[in-house]
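Two complexes are shown next, each including chain A; its partner changes from chain B in the first to chain C in the second.
Presenting the complex of A and B:
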């Protein structure tokens, strides 16, 4: 069964937060919703979790008992210990017995929090909080795991560990939807939905998105900005030519995922049409 | 420094609730204090009974006394029932060798005002009445205050602590997670307020026990009636706490609002100033405050041995308030929960 959003539109106040967005989340796969601030990532995951009703379109999700959800704020109890947080989640989902205890131990091992059982949630570092929250969402082996920006503001080591948890959940069969602002994380996903200002700029596997980059992408040495739509990559410039004709001084390169995302945004905004 | 001052003003300008409190609260306090803070009581409700009831009633000077009932056929016991019910503060019982004045000692300021006014009277034939102060014969302040303070503490726990607890869930994002968990809205609400109800109940028992031990406050009435009144009162105050949490985005806002509900209850519930002494313009506020009714119940049960039959009006009104406030709180909280904690 594929979960997700189909042609969903949502208006919050006077803002069109989502406009005809489709996000497919398949069992055993990780779907990443990627975009900048205000792109609609959180809104799309909230609709998927059932926290927000769409104005139009369809949201498909399993029963509440089989959804795991981690909001962007982590959503754990700062005055409860790590073990107590897990215990609350277990009770909420009606888990009990030896099987549950083993799973709790396994979650603690996988999150690297086994040694922090008695530490208060509020005293954990940002990365540890995120791992605990993800562990809590995984405790009941959900069919659909939804995680909103799990790695924002998290140190690189914890980011790797969090992604291990996320891909591990998919490997166990969960359909996983994750939002992120990091392109390198999106590139690892099975499916990517690129959002900007509530609209879907591109969707598909990272390879599909790369294959569909229109025109040509080149690199030009700095500091002089090349003609046409361009953006910084380290000390050099990247330049995009919609018609495939790169400006003088720019050398053609194979676009990577970050390039593909920038080109998609430029194409959607009408950039590159005049040059 | 100027940068700091400008920044503070900009922040304040956007925190409209605090600015409103800075303007509204002093005005409110001034008005309420001005009209409610009145130790000199007038219009003390009096019932006159016995064969010379009409004649005795006519001797009482206005505006200190207000004869609300003249019943020539009522006995002393029936007069006392009026005091226990709270329908009168003073009863004049005629028919004996000397008239008997029964006074409700739980109404400290009323009794003191009445004593002052009566001392200035020269009774016909020099026959001064016998005076009997019931329920609090020595007019001990702590006897009257402990049952009221107990209610105030329940307001504090029920309203402030509950609202803070719920707002904390929203601020930490856990309310959003609860909305996704397989809980019914009722599970979340009941699970959230039950611990506070229990804590408040334990606190109440403790306060009453300390009041009885330290200040020798009597507990003359039925514990069951007291528990019934306290339970209804707690439902109202926790309902107010949940209601406040649904309109507060932060714990600071919840504290502000909780104090806005706390202050009128301190000043207008009859805890300090008698409700009957308040100006009509503010008195009506007393009648929508739950503490007003709890104080009637707690003083009634503890000091006056008032039975359920005497206390059904405040108990009934608390039940109505509980249904209205808790119902509204549940509706709003369910809506919040359905929206994942955003209000």
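Presenting the complex of A and C:
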């Protein structure tokens, strides 16, 4: 069974928060919803979790008790210790016995929180809080795991540990949906949905997105801006030619994921259509 | 070329804790230097010393060739992650307030941010707010820019536009120090300095640090983990 959103639109107040967005989330796989502030990442995950009803389109999800959801803020109790947070969650899901205890230990181990059992949730660092909240959502081995921006502002070492937890959950069979603002995290996902202002700019596997870059991407030395839609890459420029004809002075390059994302955004904004 | 900002063998202790230990770092005109490091690596302490907000316990700090006092600080532009704008004021009001504070009242709002001139800063999307903060800080033509995660949380186009502005400032001769957790930003820099446990654990271009695996984040995590387990050798 594939979970996810199909052609979902949502209006919040006067804002079209999601406009015909499709997100497929498959068991054993990680889908990443990527975009900047106001892209619609949180809204799409909330619809997926059943916390928000779409105006149109469908959301498919398993039974509520088999979903794990971690919101972008909190997701844990600041005045309970790490161990109490886990125990509380376990009781809420009616988990007990030796199997559960082993699972809890493994989660503490993987999150690097084993040494922090007695610390209050509210006193943990940002990265530790995100790891604990994710660990709590994993405790009942959910079929669908939804995590909203687990790594924003988290330092790279904790980020890698969080991703180990996330891919570990997928390896155990969970369908996982994660949102992020970091493109390098999206580039490693099974499926990516790139959102901007509620619209889907690109979707598919990272390879699909790379293969579908229209026209040609080139590099040109700075500081003089080349003709056509262009953006900086270090001291050089990247330039995109929709029709494949790069301007003079630009050398063709194989686009990488960041190029593909910028090109998708340029194409959606209408740049490059005039040339 | 003389460095705009330079730390030579700089150490800072807080009681028995050494936050920064024997660090060398220089930012020259026209270059973009990325300062990477996990939480608690010493990046903020180092920057506070470079700006003259904190005295080193040991070593030497030079800002524009002299001690980092008030006069030197006027030539620096700093954009914190919180952006430092007045959210309840419009873009034009933010602009005139800051330009007046730096003795440049009457300078017109630049084209890049003019479309939002009458909008309240707090109501703009984050990408637009970052462009406004950047334009405002450039209004006094700083020779050294210190930027904290300048594009994080913005969409791909807003990021591209911001890096265009940052590069234009460097092409115009400013030196730029970017602190970041964000590997996309790190790759935009000419040179990276990776801090771990208060020391410089690695430095060089993004390509050189990423090594043959060409994965900067992986390389970064390895550097940080390795230097964490052997602090003396790092």
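Heads up, the rule we're going with is that the second predicted complex is superposed on the first by the 274 of 275 C-alpha atoms of A that agree within 3 Å, B and C clash if a C-alpha of one lies under 4 Å from a C-alpha of the other, contacts with A are read in each partner's own complex, and residues count from 1 in each chain.
The rule is short, and it goes like this: a contact is a pair of C-beta atoms (placed from the backbone, for glycine too) under 8 Å apart; a residue touches a chain by one contact, two chains touch by 3 or more.
On a predicted model such as this, the values are computed, not experimentally measured, just so you know.
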| item | value |
| --- | --- |
| First (chain B), second (chain C), both or neither touched by A:120 | neither |
| Which superposed partner A:51 touches (first chain B, second chain C, both, neither) | first |
| Chain B versus chain C as contact partner of A:80, first or second or both or neither | neither |
| Touch count on chain A, higher of chain B and chain C | C |
| Touching partner for A:92 - first (chain B), second (chain C), both, neither | first |
| First (chain B), second (chain C), both or neither touched by A:233 | second |
| Partner chain(s) touched by A:223 [first = chain B, second = chain C, both, neither] | second |
| Common interface residues of chain A - those touching chain B in one complex and chain C in the other | none |
| Touch list for chain A against partner chain C, complex | 35-39, 125-127, 152-160, 181-184, 194, 196-197, 222-223, 231-235, 258, 261-262, 264-266, 269 |
| Parts of chain C lying in touch with chain A, wherever the complex brings them together | 36-39, 125-127, 152-161, 163-164, 166-168, 171, 181-184, 187-190, 216-217, 220-221, 224-225 |
| Contacting residues of chain B [partner chain A, same complex] | 172-174, 176-177, 179-183, 339-340 |
| Contact footprint of chain B on chain A as seen in their complex | 46, 49-52, 63-65, 67, 69-78, 89, 92-94 |
